[in-house]
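Please go over the structures that come below.
Below, chain A partners chain B and then partners chain C, in two separate complexes.
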Partner chain A sequence: MDSTDRLELARFLGDAAISVPGVVGLRGGRSGEVTEYGPGGRVSGVAVAAAAERLQVTVSIAARYSPDLDLARLAGRVRRAVQRVAAERVPDTVERVDVVVADLVT
Partner chain B sequence: MATANNVGQGPKSSDRTATLQSGKGTTTIADAVVAKIAGLAAREVDGVHALKAAGTGGTIADFASKVAGGDERNSGVSVEVGEREAAIDLGMTVKYEVDIPKVAQAVRQNVISRVTSMTGLSVTEVNIRVIDLFFPEDEQAAADRVK
Partner chain C sequence: MNILNRVLVILFTLLVIAASSLVLAVTLELVAPQRLRVPLLSDVLEPFAELQPPPQTVAIAIAAGLLVLALVVLIAELTPPARDKKFTIKKDDLGRVTVSENGLRRLVDREAALVPGVMEARSELYESKQGLRVKSRVSVDPGSDAPQLTDQVRDRIKGALERHLGRVAEVAVDVQIEPLDRKKRRRVR
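Up next, the complex of A and B:
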């Protein structure tokens, strides 16, 4: 997978994460640790590592605060949404999706 | 336990911990998120006026955080988060007329309940430092002086 494909995939995966209710945004980290770079752009808050047709994805999100917040459950929803979109977009096996709750927005 | 499966190229910054295991990847909750939940929970309790870092060191830390663009809502809260547990220190000012031990106990309970339900971490301790009293008249007097 070259960097253009990776960047494009990262965009789709980032959109999948943001579409989960309770997620307000993606966070690339203070020094851009969780960011995918490619020609003409970057996607903050998503990192994709691909080797031997196996994908390892990290998404770093900001969650919205609410009194009934359950971050483990939210992370599970994000993980499943990302897995679903990855399976639609690429033939690779999604080995793992690590979810980082990096920020909480009130 | 929790980080055993951590072979991915996850973020390696030291300020994230609280890694929960699941079959298909890990969930990591940043310290700042735990601190924010604890701070919000403390402020919900009636009688708490503000959260503030204690002592000169705390004042400097708050100032440094302000300069560095840190989140002011986390001032007065420091957390130590392990894989499954969190310890929380709070510095706060309380309103003058309140029963301080009761307010502190209510803060402790609310912090434990919120952090536990929202993050899944178990809270081993909540240390509270009441660093000052707040007199509502003072604020009024100050407001009057600058009219």
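Up next, the complex of A and C:
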């Protein structure tokens, strides 16, 4: 998988993460450590590492705070959404999805 | 900046450092261009060896300036960026779930602010071998029972951290009646 494919996939995975209720956005980190770069663009908040047809994805999100917020459950939903979209888009196996709750907003 | 861009910047700064160092060395007559065993390099540097003040002074100033600038850029590129500390919520075969220090601090502040009578909360998190420690400053309603509020805020924060991180934290709560900014202004970055 080259950088163009990774960037394209990162866009889809980022959209999948944002579509989860309770996620309000993606965050690339202070120095852009969770950012996918490629020709002609970048996706902040998603990083895709591909090796031997196995993917490791990191998604960094901003969550909406509510008194009944459950971070582990929210991260689980993000992980499932990302895995589902990755399975639709690429034949590679998603080995792991790391989720970072980088920010909380009200 | 991605890795390729960063490598290109580092290579370019190394080139500028090498070039400006050579120009400085030749202009200051520390090295004779003929002693350099690369003919093309000797030819390029030869005019610098023949410079007399004031052009010599100008060349030295420009080369020294470029050298310092390139060193500053190189150091900045090679210095690892500051990363936000992360606390693990869950780790299994499918991946790791973490919350950033910033996110956790906001969570603690919001949980504290949910206690009736609390106007505002600002917390700091510390992690050591002894575990996670939270120092929370809260501004409360003047008519409230401060000791009772302190206990309620501490319990609320402890409960939230246990629920989200599965960890017991040591929580210190500092209650004040004035707005938080009056006691200690936070540096705005």
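One rule holds in what follows: the second predicted complex is superposed on the first by the 106 of 106 C-alpha atoms of A that agree within 3 Å, B and C clash if a C-alpha of one lies under 4 Å from a C-alpha of the other, contacts with A are read in each partner's own complex, and residues count from 1 in each chain.
Keep this in mind: contacts are C-beta pairs under 8 Å (C-beta built on N, C-alpha and C of every residue); 3 or more make two chains touch, one makes a residue touch a chain.
These numbers come from a predicted model, not from an experiment.
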Clash-or-fit label for the pair chain B, chain C on chain A: clash
Touched partner set for A:Tyr65, first chain B, second chain C, both or neither: both
Which of chain B and chain C A:Ala102 touches, first, second, both or neither: both
Touched partner set for A:Ala49, first chain B, second chain C, both or neither: first
First (chain B), second (chain C), both or neither touched by A:Tyr37: second
Footprint overlap on chain A, comparing chain B with chain C: 29-31, 33, 63, 65, 69-72, 75-76, 79, 96-104, 106
In the complex with chain A, residue positions of chain C that touch it: 1-2, 81-84, 86, 89-90, 93-100, 102-103, 106-107, 110-111, 114, 163-164
Touch list for chain A against partner chain B, complex: 29-31, 33-34, 47, 49, 56-58, 60, 63, 65, 69-72, 75-76, 79, 83, 94-104, 106
Chain A - residues contacting chain C, complex: 29-33, 37, 42, 63, 65, 67, 69-72, 75-76, 79, 96-106
Residue numbers on chain B that touch chain A, as the complex places them: 5, 8-13, 16, 20, 22, 24-30, 32-33, 36-37, 40, 73, 117-120
